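Right after this note come the structures.
What follows is a pair of complexes built around subunit A, which joins subunit B in one and subunit C in the other.
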Partner chain A sequence: MSNYQTNKPRDDNNRTSDHRNHEEFEETPTWAAVVTVLGYAILSALGWLRDFLRHIGLEEKRTAHDPNPKDFVPLYQSYECFYTRNLYTRIRDVFNQPIASVAGAKVHVMERVSDDYNWTFKFSGKKIPSINLGSYNYLGFAENQGPCSEQAIKSIETYAVTTCSTRHELGHQRYMKELESLMAEYLNVEDCMAFGMGFATNALNIPTLAGKGDLILSDKLNHVSLILGARLSGATIRTFNHNDMKDLEAHLRKAIISGQPRTCRPWKKILIIVEGVYSMEGSLCKLPEIIELKKKYKAYLYVDEAHSIGAIGSRGRGVVDYWKVDPNDIEIHMGTFTKSFGSAGGYIAGKKNIIDYIRVSSHSACYSSSMSAPIVHQIISALSIIMGRDGTNDGQKRIQQLACNVRYFRRQLVDMGFIVYGNDNSPVVPVMIFMPAKIAAVNREMLKRGCAVVTVGFPATLLTESRVRFCISAGHTKEMLNHALKAMDEVGHLVSLRYSKKNPHRRWIELDHADYDKEYTS
Partner chain B sequence: MTLNDHPTFLRHKLSYTYKNCHWKTMLSYIRRFFKFIHWLYLQYLLNTALYMLEPWERLLFSTLLFAILSTALYSALVFLPHHVRSMIQFYS
Partner chain C sequence: MGSSMTRGDIESLATDFYDLLESFKHAPFYHISFEIFLVLAVIWLVFFRKPRAIEKKLTEREKQELIDEWQPEPLVPPVDPNHPALNVRVLDGIVGKTVEIDGKKSLNFATFNFLNFVGNSRISEKAIQAVQKYGVGSCGPRGFYGTIDIHLELEERLAKFFNCEEGIIYSYGFSTIASIIPAYSKRNDILFVDEGVHYAIQKGVEASRSHVKWFKHNDIQDLERLLAEQEVLDKKNPKKARTIRRFLIIEGLYVNYGDICPLPRMVELKYKYKYRIFIDESVSFGTIGQTGRGVTEYYDIDRQKIDLISSSLEYSIGSIGGFAVGSSFVVDHQRLSAQGYCFSASLPPLLAAAAIEALNIMEEQSTPLFETIMSKSKRLHKKLLSIKGYSVMGDEISPLKHLRLANALNTIGRLEEIVQFAQTRDITITVARYLTDEHLLPEPSIRLILNVEMTDEELEFLCTVLQEALVKVTS
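Up next, the complex of A and B:
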């Protein structure tokens, strides 16, 4: 099981750098944790004061409030509402920012002003042009010009926008067959089926695969769509620690030895659900070890490659390509078209008999409408570019550009002294912020300097682990990345975000740029 | 007559720029100092989460903090010498 430990250099690349499989989650410094908790304590105390003022009537109530009649169960969960009223609303202007252009490598963010501390907003009319570091536009296909969008627009003339029907009824169009066969060839599996919504692909198809009497072992940090699908299925769910193979093995052994909870009968099947790239951590799953475990204990594997398809791997085929494992070892490959292909929707791929069963019994195929023509043609043209079918090597260039950008950006951030989570090759770059007030400060200051970033706090992350998550794209040029790094350097100094104990804190000017430039062009 | 022909003009020009340079660096030091104070104030606001609060809440919290700290400081200044002296007497 120790063939694919981290830090071991791979021999399938000319790069001999030992960053190849390096994954790092530096521990939170104690003082940062203490200050964060103190900050939340002060906010909670003042939140109670404000709630009390609202209760006695000195301040007006601006949210929908629960009338709380006698003998009725309360409508709202108390802490979530308290959090929304008193913490989230205060910095609400940095979340859900509306944009006014195509969300490519550059985006126009609409400026909002608020007179009453973010309870209501007014648009000032100004559009702030900024570098887009928040869209999952990994291969740069989110553009409104070029071959993909031309094909998408032309397809409307042939097929119109919608089929007004579900897959089982009249929604099985010719382009769906084309998409599915192309996707199956791309992933090197037998068959594939595509759905209109990535979230729904997980939430509505896991119930067809697992049911009562099955066991689902899912990673602690799995996406909400996987958790929802697992809960809807009715199977027993057990979570194992994130990327912890010993914990997974312990769960497998316990499950096989003890069987189902009350009756002690053997489980009908055991399904392990993992993700390719975890979007909040930037870590990759340890696929070879999971496959070894699954073969040893005869479980089934479901890999959700939402963020990794197209973005990871030397040919862009996802974590399967990155770890060079046999695609037939994984029962269900799942992914979305939203991220790297610049479209919308999801797919499930695998052996033909599994996909045939899903075609017949999926909730999504039976009740949700089929995919729209321009969306499918966008995916088909993006796929042909990535696979090199259109005659150019634009696809391979994009994949390499993304890999270069990711290495360049990550290395400089780490060398400047920020705490950056995740694998060195993942295009998702989370930089830790920890304190709640800094979430707003970082977002506003970065926007002032022309970079639109996504800052996340509770409930998407743990309460004390808020972060700013950069999503690098193949559409970003080196100048854009330099601008973003300079902005981050300034903001890091202003807001004091350099927490790392392992790396020395350095300003951008102090870094040795010739070294990075050399690595970038190689 | 060119600029270089007139020696006093050049000297005056030099002396003007020299004094100007002094004045400018003094001003820049003062500016940097104020920027540093502003940075310190920003760190105080960010670390105590006062950055996201309304001005009256900031005033309330800062007043409370100042009151507690000043009370502690005053008590230390008034009582500590006497306590330390009596402790030394007790243990000696």
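Up next, the complex of A and C:
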């Protein structure tokens, strides 16, 4: 099912942007779904057979042994680890691949070899130079040279690596105030607070915003940190179908009309939690419609812009910038510094009274060490570049380069006949591969051709929806993208990845490159 | 006399009953099956059908009125602008043995800088080299090209330091233990947790949704009582007991109290009652034990008997993050099940490099360094005890102590006055800060932390100032 957006993004002069806001999720071909399930069934059957052989002693048991006596209750149930033992381990070499360089546009992947079918690994010592299509480096700030790393190095000399103290005690440094006010300005909100870990920003702050008697309406495909935060808060959680505004409205109406379950008391407050860009789907949230709904039903809105801040929008200010909505309409802006700023940590921004409350009651502010100085200075430096404060237009160039790269890459993949999910403007490009064996095949073949990609399967995605997820960066040059597209073309041919029924299946050489090149420079 | 049935009545009843049975024999099959169906339907209706919830049949207008009338509470309650968290001291420099506040240098007894690694030139140098090689951020979770060779090196070094099979690192100290507990303990399992554990452990316990049995802080008798009660329940239902995992969650050295857990007895009980031990050694790692290897070394207990040791890298090591060490059987599970590990960006390489160098220094300086910190802690403890009017919480060898005013004088207001007075005399100390929803909110106290490089004169000066502050506050 494909859906065309009725709201179109606007450019800086509030004119409807030329670049269509098109989002598509082509349906899985039935035969592919059947073959995928069959594949998992065969793997499971083989897994049971192997488990049986291990049980009777014909095959060696390679999992580690519990050092405790046998009469202890087993730490893991056998069926819990079935998937790990029999499916995951077969293709374990494509996950957790170590690198030995900066995670920039190009990366050195450390080669691992295994003598025992992935149970143990040894490093061969060889480093494979590859184009990095897996790391979150949207604006290309993952650099070990340049003004940002220089600032970081200077700050280590001035402030040391850590303070060993919390924000409530002796960890409140002047650079934290600088970062927070700069970020608030960047987002065009009243105040902002920064934390040392993006995951913890969600998991430890949502409990302060919601509690028993509150309702949290969460998108079905929200990140684990949002779900954990919602669970820890003690509020009631209801999920609505991904990006489905009708379903969200139905939930809102039902909640206000029926009240809390059992007691029927009215809800104390309703918090809607969505993400800017969904990292596995590449879709954007429908922000204008959500804001309309939220105003109509008096709910509060929490937007997690982990993947969209810096990467989306004509000025890189995230989905708020992309849809040109008023930032004051969103109560909580949340995001991370890991993806577009080449650093680590997260932030929460909004009105001053909300941020003050978070300063007082955040678990992170009271019990965790404050952020490390070089981490903060990297963000401040990257922010200054993006905002143009450094006197150059390097920031704007990076944003435009990213947008260009994304369009170039996506269009060609779609035109070759691959099923590509997500919004045309999203730097997260998931290409469907469906079958479990192809998860390993695509990863290994792409690495042989010098491209480091990320392939994901169950349980990170649905059983039949394994995919290879590209993360485009402003640091990728046209040559790198061409190399990656050529590699994908070959691998797609080798492994049969062209599933699209809507678009014709074409080889890379058959595409009209002049057309793409024209668009690339505009 | 009541009605008694005559013989004739009984006979007619018996005849009727016989006729009924005969009619069954002659009735067509469909008739009988229909009758049986009706009987079953009646039984179901009476006994098994759940009463349907009365559906609100509201009109559209009524629904719209409900929606219009509903008023949510404000997202956050109002906050007192004078709250200490909104008026924190702003610093601008290295927070080491001394810290500069408002242009004046003062001795720092407030930060967890036990081994004085903050500002250490070797560590800073290694961190700078890491930035020059790897940049600042790692740009991805461990599963997706966020594993850098320096992470693997740090994990190996930590495992070797503790003589365990495997180590795993996390990018945030709080998330370490808060992710570890829910990775192993699920809804049906039982957690025996000390009441005095710190907040991160409480959150981990909450996230696991297991049955929690809190025992009084460091009270072995209370723990034994709970274990014995559980054993009685197990005997009643042995089949169920075989599926319930049990864990003991304790800290090596408690952040909120400064005392050490009675580990030897707990290890004995482990084999008697069959539970697994997870120790959080955030404070005891790098501060107690002859070579800084924590409580297991202090009590000379075989580390293979402890299922998992977790710790933070944010205290003695002077970096950011956390880690866990143990047997491969236990640790490897976290690589797929610990949320804070799988779904979060990995530790920035410069912080891993700083941690490796800190470990190097710990291994080089070894026994002399740790004997120094333990003996200085003892001396400070003695000196503090000699000041009448304070009560000192914490073990004598613990470098972290909690200071309270004796008797009923102990309030946060008075403690803050002491802190402010100390600052005027160039001593920086802090009141321990907690959130109000702690499981067992500790009493107000000043958390004193000893830095190994403090000289005896400086410790003496601290005690003098504390004495003067006491006089000022109680007069």
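The criterion applied here is as follows: the second predicted complex is superposed on the first by the 487 of 522 C-alpha atoms of A that agree within 3 Å, B and C clash if a C-alpha of one lies under 4 Å from a C-alpha of the other, contacts with A are read in each partner's own complex, and residues count from 1 in each chain.
Keep in mind that, in the parts below, a residue touches a chain if its C-beta (ideal position, glycine included) is under 8 Å from a C-beta of that chain, and two chains touch if they have at least 3 such contacts.
None of the values given here were measured: they were computed from a predicted structure.
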item: First (subunit B), second (subunit C), both or neither touched by A:194; value: neither
item: Touching partner for A:204 - first (subunit B), second (subunit C), both, neither; value: second
item: First (subunit B), second (subunit C), both or neither touched by A:287; value: neither
item: Which superposed partner A:331 touches (first subunit B, second subunit C, both, neither); value: second
item: Partner with the higher number of touched subunit A residues, subunit C or subunit B; value: C
item: First (subunit B), second (subunit C), both or neither touched by A:399; value: neither
item: Contacts of A:149 with subunit B and subunit C, given as first, second, both or neither; value: second
item: Touching partner for A:437 - first (subunit B), second (subunit C), both, neither; value: first
item: First (subunit B), second (subunit C), both or neither touched by A:182; value: neither
item: Subunit A contact footprint on subunit C (complex, rising order); value: 56, 58, 63, 66-67, 70-79, 81, 83-86, 88-96, 99, 108, 110-113, 118-120, 123-124, 127-128, 131-140, 142-149, 151-152, 165, 171-175, 178, 184, 198-200, 203, 206-207, 241-246, 271, 274, 276, 304, 307, 314-315, 318-320, 327-330, 332-333, 335-336, 339-340, 343-345, 347-348, 350-351, 354, 428, 430, 433-435
item: Touching residues on subunit A, where the partner in the complex is subunit C; value: 63-69, 71-76, 84, 88, 95-104, 107, 109-110, 132, 134-137, 141-145, 148-149, 152-153, 156-175, 177, 196-200, 203-204, 208-209, 223-225, 228, 231-232, 253, 256-258, 266-271, 297-300, 331, 336-339, 341-344, 353-354, 356-361, 363-369, 372, 374-375, 378, 452, 454
item: Subunit A-facing residues of subunit B, complex; value: 39, 42-43, 45-54, 57, 60-61
item: Of subunit A, residues touching subunit B in the complex; value: 35, 38-40, 42-43, 46, 87, 90-91, 117, 435-438, 440-441, 494-496
